[in-house]
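The data blocks that follow each hold one structure.
Both of the next two complexes hold subunit A, though its partner changes from subunit B to subunit C.
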Partner chain A sequence: MGGKAKDFLMGNKAVIVPLLILIALPLVQIDIMAFILNLLIVSFMYVCLAQSWNILAGFCGLLSMGHCAFFGLGAYITIMVLNLHLNIVWAILAAAAANMALAYIVGAISVRVKDIFFAMVTLALAQLLYNLSMQWVEVTRGPRGLIMPQIYMMDRQTLFYIALAMTALFVFAIHVIRESRMGTMFVALRENEDLAKSLGVNVAKWKIAASVVSAVMASLVGSYYVLYIRSVQPPAVFTFNVTMKIMIVAFVGGKGTVKGPLLGAVIIILDELIRGWLGGGRYSGLPGIIYGIILALVILFLPNGLISIFRGRRKAA
Partner chain B sequence: MFFEVSGITKSYGGLVANSDISLEFEEGAIVGLIGPNGAGKSTLFKTISGYVVPDRGRIAFRGAQISGLAPHRVCKAGIACTFQDAKSFPKLEMFETILVGAYCRHGNKRRASARAGEIIDFVGLGGKESQMTERLNMFDRKKVELAAALATEPELLLLDELFAGCTPTEVVELLKLLKKANETLGVTLFIIEHVLKVIMSACQKVVVLDYGEVLDIGTPDEIVRSKKVVAAYLGEDYDASQYK
Partner chain C sequence: MFNLDFPSVMTILINGLCTGGVYGLFASSFTFQCGSLNITDFSFGSWLMLAMYLTFFMYTGWQTGIVPFVILLFLCYFTISFLISRFMLSKRDEFTNMIITMGISLIIQNAATLLFSSSPRSLGIIERTISIGGVQIMQTRLIMLVLSAAILIGFHAFLKRTWTGKTIRAVIQRKEMAYLIGINSDRVKNVAFAVSYVMLSASGIMLIVLFSVEPTIGGFYQMMSFLICIIGGLGNLKGAFFSGLLVGVLIAVLNMMSSQFAMVLLFLIFAIILVVRPRGLFALKSRS
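Right after this comes the complex of A and B.
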């Protein structure tokens, strides 16, 4: 594992300098540092979610339109367990376990339901969880949401480093998966399921595996979200808005690639900046319009995402 | 018996695509399957490889029943196939396409890669490993399909009109390759082909289907002389000596 990590870094020297800058960043004492760190933390979360989405949609060709379900479930289970005043580790594990169960169902569905129908089913699943979190007031407190107990509070600097470490881990994990047998099975499913079957690929097994890996990753981001935001409300996690942002990051960066979602983070930074400058009020709809336009332009002129600028004609997967 | 089909029947609504088909052959053979368009040849192959579930009948491979198995299990059992509508992984590098097949027998990446490399050399695609399959020419793509199937290390390989669209020189090259696979890798071949030259020069046994039924089974010589085959498929003006 250590050797692989070293090879990966050496093969991608371009990431070393930005990585060192990011590690040193919180040590700089300037007024807007809190703002910058928050901006980066939100970007990191979306990069990680995009990586998770990338496994299902980018690698396996399973268009998940309800990806917020995994993320939101992770957040909810985490905050519920934290409210029992258990160790954070238990909260993270419980959330991951719940997501594995959900992912197993999603994976099994994906074996039977294809393409746009799979997209609709995942969309419905997310909506179901949204409604559940709104209605099941005894457990979720409905629209008021749940609040993290004070004892689990962390300072911004620590939270920043956790997000950075999580992002690095995710990118590396995706790289390892893509290079492994699992990655080859995933892309074979995306390219041609019938051909894959004829070559001995157990479609159900690998689709469920993809779903589980993807869900556990999203779940970890959900757990992190709780530690960072310190509360969870249904509209913040279980809405299509979250799924759409995840998809936009992956699309803009380059879906189906290992490093694409990293580049896709620029869209989140842009979004946050524009919203910050405009504030609420009468222009609050503008960011949506702006990144709608950006998305359209990217899909029109760079269908393989920003990553294609850097890699030219090299392999798309 | 190495391979045995007994009483396979499959209908689509009122149309009987395969009607009570029985045939068998020995290990190491090259067997042809011919017949007019719509005779049910592809349906039979799809049934063998698990894509179509037959209404009746059974298929046995080395004595074990394989009818009813899912396609990937049929492949694991040792029967690989290529499709009439040539399938590919367009956006994968050629090497990874073959690797998918190699993973069928080797879970370990290093061993699967080594196997894929051997097969690539075997079919003569060396040097094109990192090209995307969609960028290869049609003939190379056919070889990729064949190589991926061979990478699963089949004992029996079903080829559905692999030669379709090939130029005469390509037919000769592909035929050589198949004979080499048959002789050196010991793969038994079952081939659907409209190019009769292939059938007549390579096969020891030919099965003729017509309207979903077995019309005749015999050696190529017997088949070209068979009155019913000539009437139903080859045509009255068919000149057997032309394909010698």
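Right after this comes the complex of A and C.
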């Protein structure tokens, strides 16, 4: 594993400098540092979610349109266990376990239901969880949401390092998966499922594996979300807007690539910046409009995502 | 069931059926885009929401009269969607189209928040009821059901009888072949997309009569049209209309049984139907 990490870093020397800058960043003492850290944390979360979505949709070709279900379930289970005043580790494990169960179902469904139909099933599942969290007031407190006990609070610097570590881990994990036999199987399923089947690939096994890996990753981000935001409400985690944002990050960066979602973080930073600049008050809709226009323009002119800029230059050279 | 007598159960069922008619109309329009034109349109719900808002303002403020307004709205929707299809959606793959329409959806939704504020609005029409043997039928809803059915029959006739309709069907079946015999396939596809938007705006006008509107409501209708059109079999207009009716009744029944978990049960049923019959209840024989 260590050797692989070293190879990965050596193969991508360009990563090292930004990584060091990010590690050193919280040590700088300036006024807007809190703002910058929050910005980075949010974009890290979306990068991680996009990576998780990337496994299912980008590598495996299973277009999941209910990815917020994994994320939201992770967040809800985590906060429920934390409210029992257990250790954080138990909360994270419980969330991951619940997500594995859900992912097993989703994976089993994906064997039977293909393409756009699979997208619809996941959409229905996410909507089901949204309505459940809204209506099952006895457990979830409905639209008011749940609040994390004070004792689990962390300071922003620690949270930033956790997010950074999580992102690094995810990118590395995706890289390893992509290079491994598992990743090859995933891409084989995406490219031609019937052919893969005829060559003796156990389609059901690998599809379930993909959705479980993806769901556990999303669940970890969900747990992190709880630690960071300290509360959770249904509209913040279970709505289609969350899934849409995840998909946008992956698409804008470059779907089906390891480094794509990292670039896609740009769009989240942009979104947060515009919202910070213009948001609230009279112009509450304006940031969304600008965001939408930028999104449409990026996709119109770079259909393969931002990563195609770099690819194109390399080809030309 | 639940101490309800026969007339009141029938009342609920029939009114659910009538509401389902409008669901069926917009779902048919969506299934036409998604199944026949292969454009998965994520801005569908937002355009529906916009049509609802415009009708609301026509009724409360502008006083233009219903007929000129409807004609104007149809023309606007036709032109705008034609332009969107021509300059943004044609000749791109399905994924790219999805993200572009998501961008459009974001723009419309946020523009609505900016211009109309996020508080819900409704026309607040008090519906007159017709009573037949104790069964109360809401008049407006019945008219909506008849109108939706009429529009769909009209659209069907348009596809079957008129020259444009025939070319649209030719392009849907064999795009390259239609091109070879002298049909401008791309333009026909754009026109077909625009026609589906006219149907969409018609269902928007009807929805505001029955329900309230807010900027985020588009997401709900988007979801409903997705699911209804899949249950009805992708690309099957008749199937979408009938499964719209089915969903209308289903929502009414579920609300009667447990208003708290009605939506949860609805989406559970959706998921189960999709798993058991992945191609929908009224699936077409084959789709190549």
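The rule we apply is simple: the second predicted complex is superposed on the first by the 311 of 317 C-alpha atoms of A that agree within 3 Å, B and C clash if a C-alpha of one lies under 4 Å from a C-alpha of the other, contacts with A are read in each partner's own complex, and residues count from 1 in each chain.
By our rule, a contact is a pair of C-beta atoms (placed from the backbone, for glycine too) under 8 Å apart; a residue touches a chain by one contact, two chains touch by 3 or more.
Since we're looking at a predicted model, the values are computed, not measured.
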Q. If subunit A is used to align the two complexes, do subunit B and subunit C fit next to each other or clash?
A. fit
Q. What is the contact status of A:Ala188 with respect to subunit B (first) and subunit C (second): first, second, both, or neither?
A. first
(Q) Students often get this wrong, so check: with C-alpha centres, what angle lies at subunit A between subunit B and subunit C, to the nearest 10 degrees? (A) 80
Q. Which holds for A:Gly200: it touches subunit B only (first), subunit C only (second), both, or neither?
A. first
Q) Of the two partner chains, subunit B (first) and subunit C (second), which one does A:Leu93 touch, if any: first, second, both, or neither? A) neither
Q.
Quick check for you: in the superposed arrangement, does A:Ile274 touch first (subunit B), second (subunit C), both or neither?
A. neither
Q: Mind telling me which of the two, subunit B or subunit C, contacts the most residues of subunit A?
A: C
Q. Looking at the overlay, what does A:Leu19 touch: subunit B (first), subunit C (second), both, or neither?
A. neither
Q.
Once chain A of both complexes is superposed, is A:Ile162 in touch with subunit B (first), subunit C (second), both, or neither?
A. neither
Q. Does subunit B (first) or subunit C (second) touch A:Leu300, or do both, or does neither?
A. second
Q: Determine the nearest approach in Å between the Cα atoms of subunit B and those of subunit C after overlaying the two structures.
A: 12
**Q.** Common interface positions of subunit A, toward subunit B and toward subunit C
**A.** none
(Q) So in the complex, the part of subunit A that touches subunit B is made up of which residues? (A) 179-181, 184-185, 187-188, 191-192, 194-203, 315-317
Q. Which bits of subunit B are touching subunit A when the two form their complex?
A. 49-51, 70-72, 75-76, 80-83, 87-93, 96, 99-101, 103-105, 107, 109, 112, 130, 132, 148-149, 151-152
Q | Touching residues on subunit C, where the partner in the complex is subunit A | A | 34, 40, 42, 88, 92-93, 95-96, 99-100, 102-107, 109-115, 118, 215, 219, 222-223, 226-227, 230, 234, 260-261, 263-264, 267-268, 270-271, 274-275, 278-279
Q) Residues of subunit A touching subunit C in their complex? A) 109, 112-114, 116-117, 120-121, 123-125, 127-128, 131-132, 135-136, 239-241, 244, 247-248, 251-252, 255, 283-289, 291-293, 295-296, 299-300, 303
